[in-house]
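The same chain A turns up in both complexes below, where it pairs with chain B and then with chain C.
The block that comes next holds the complex of A and B.
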């Protein structure tokens, strides 16, 4: 294998990994605020991407508008799901909520099948598919674009958590819900906010990945890799989600380069099990100790 | 539950599972009921929808409008298996035991079809024209194979490429299941006849997000020809991946099941120059009498559905079933249908060359060579032979 090929495969893995990282981040946002896992995350991504695509078909809108429509649809969907369904189960156990989100994911996927069929559709990309030659190395603008856009979004999220009232409220709720409430933070608003934020991150990931894996009712399955990435990095940790996602994407691509292709899908899990054996809280996670 | 109630329930279950003998399942005075488990979700959802609802059902609409077959109309029933073998088995048992269909028509995909094969053969339920390519369906009493089998496809592809085209280095990118493996085995065997072998073979799992590693490995082996034994999504991804790295030194060749404009639409301009073995005449442009009729029927019943190689395959399956049922006469049984289909010789469909069904029970054995020009497959040869 030449170095040029290796570089291309790693960059391609980083692009896929960026998407995994965004999915992991959106799972972690909701987990930190509400302590539940959102299994419908992938389907929110899929539905909002489809809505954006429909806007393009109907209005002949440019891709930037598609992105805005998808983000708006995601925000609306995330808000509605939280407000109309999850909020009513606020006193239920985390396990109950998890099953509810699992149900939501199945419902959303079937509904998408009814509206848009289960077919695959080509999706236009913001970035080109023809390679740029840098010396012997060839890099696809689409891979670089996905990585760049994802990193930009991650920086924006970092700024949001660091410097805005909402972000601080979210971090406070993640650390200690009761204390946050006593300090006058509306925990309900944080719940809503986290669902909306997670859905929006998902929509951006959807618009970025749809040109690569094509638009279809099953593209939400990418959330499973996001979950793996989040566990790899240490569930609950944002930097962990990023590192976990990138690592997973690169591993998935490097494994079949040196091992038979059929092993490709098991290597990330072998690595995950190994990491969890050595560091039970994931790469960057902290062990949660509860005082009894 | 009391013992009596339990016994009663058991009795009801047994009596519905084993109805009185002599009555032919799925055939009444007025109706013939047939169906299949198919893909209406998952990677082959588009294909599944086209071969059944826009293919088989299209032909039966025409037949039913003209009064049916010997006074019986044909009704179809389908369930979704999403290309999962375990769901295909459950659906097929439901069709046979609860819906009591007469025969299975055009189920799709090697893994699902192979999973139901023994069950259908043991229960003597005709399995008609499965849309899959693994040769395990050959020469079975109650099975009539539809699509050209992988060993025949492989023979035609390699005879053509290693023969007149004089190409020598072959590689394959295949789906990691029965579909991919049956082609891989056949490629190895046919290349052996020319003293060649595959220089590289890389597998792809269903639902893959990135095929860059496989393409990089294939490129490193420098094949002149790379076979794509995939379903539309991953195949289009592979073509786009090749474009991404600017790999132009290989001829991408798609297998029969893949050769339709559909996957070209996904791949966009990355598909230009791809070649393949087409199992069906161009559904949009061919002026064969049968294909023109198919277009007229499609225009009449489903004007919004663009003709494609999948719906024409289903349409042809409906046509063959109708021919068999007509020949079997008013006294239609599963065995009389089998005998009637076996009697077909030199049958003119106007779509494929004249069809004779022999002891192997295969209804399609040919294909012709095509190349993508401006988003459509253009024919390069006449029908190739596999015998």
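The block that comes next holds the complex of A and C.
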């Protein structure tokens, strides 16, 4: 295989990987604040992408509006689910909450089917489709756009967690909830904020990936690869989520070149199982949490 | 004058287990009051109830004339109650500076800088180690950080839970000097301490808890002379009390 073709495959792998990374980040945001997994993450992505798309159909609005509407819908949905459902289970075990989110994901998928049917719809891309030629290498603008937009969002998230009061509060809650309360942090508000933020990240991922995988009630399944990416990187670690996502995307795209093509969908799990056998805490996870 | 803190008939359960039963105590303005008792007597629980971490079954907690019994913990911090918890509970993955900044969560943005400077002035070692991860500090430094962090919102009542626990004598003396200095600036202190002798030397008054109930209360001098306190918390018995006093 030529180098040019290889570069092409790796770049589209990084594009898929960016989406996995965003999904992994959104799962980790909620996990770090609340210690629960949100199985409805993919369905929040799907519903908010559908809402954005519907706005475009009805209003004949430009594509940027789709993004804004999808993000707003996600924020509203994330906030409402936390406030109306999850908050009431605040004293339930993490396992109970996990089952609740699993139920939410099934409900959201059925509801989406009722409103938008279970068909697949083409979704316009924010980026053009004329391939970009750099020497002999031809790159799809969709791939580059996805990578660029994802990286920009990741940088924004980094800045948020590092330098803003809310971001610092979220990290404090992740480390020690009781101590965070003693700092005057409203842990409940951090819960809400985490759900909203995670949903918004998911919505951006949804709008980015929809042109590639088509818009459908099943597109939320991408969250499974996001989960795999997060475990790969070490669950709870943001840089780990990014590394895990990128690695997964690239391997998934490379594998069919060397192995039977039907293997593609097993790749994430093969990689995850292999890495966890060698490093149970994931690539960037801590072996054991420090106790003070 | 109304006390800064007025606790009446406080009763707390952990599940079915009773941790506190009918505890009443006050802390006056600018006063240091100590709460003594054996492990599991309910000292920490009392502090946690005041700062809103546990909900009492019965009783009333009034801070500066305001009923805070049912107030959420973050509102109690914002009202001016600082709590340095047992075991320090600093954020190990934050730097020293980030710990202070998160302590200033309720502080107006424009004032955070000067509060950080004040903390460094009180504990110069924290200033020298400001970009070090807090989890790598020594026990004494972590205690200083925990106190500095709790002072960020300029509380008018400071709850201190075992501030000298596990510290070398020299360091714990240093911590007590700082508590005195904080108190001199007008902050009332409710001090839980296993070193009863030192606590009574610092405090004006004290209370003794036994299995969730108050058994003795009074001025420090009276407590230090009380035979029950002497035997149980000062490690003295009547026979050799005079020599060791």
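As a convention for this text, the second predicted complex is superposed on the first by the 287 of 292 C-alpha atoms of A that agree within 3 Å, B and C clash if a C-alpha of one lies under 4 Å from a C-alpha of the other, contacts with A are read in each partner's own complex, and residues count from 1 in each chain.
The rule we apply is simple: a contact is a pair of C-beta atoms (placed from the backbone, for glycine too) under 8 Å apart; a residue touches a chain by one contact, two chains touch by 3 or more.
Everything numeric in this text was worked out from a predicted model, so none of it was measured.
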item	value
First, second, both or neither for A:168, with chain B first and chain C second	second
Which superposed partner A:118 touches (first chain B, second chain C, both, neither)	first
More chain A residues in contact - chain B or chain C	B
First, second, both or neither for A:178, with chain B first and chain C second	second
Partner chain in contact with A:13 - chain B first, chain C second, else both or neither	first
Complex contacts: residues of chain A adjacent to chain B	1-2, 5-6, 8-9, 12-13, 16, 19, 113, 117-122, 129-131, 133, 138, 140, 142-143, 209, 212-214, 216-218, 221-222, 225, 249, 252-257, 260-262, 264-265
Residues of chain A touching chain C in the complex	165, 168-169, 171-172, 175-176, 178-187, 290, 292
Chain B to chain A touching residues, read off their complex	40-43, 45-46, 49, 176, 202-205, 207, 209-210, 212-214, 216-217, 219-220, 232-233, 236-237, 240, 243-246, 265-266, 268, 270
Parts of chain C lying in touch with chain A, wherever the complex brings them together	51-53, 72-74, 77-78, 83, 85, 87-94, 98, 101-103, 105-106, 109, 135, 142, 149-150, 153
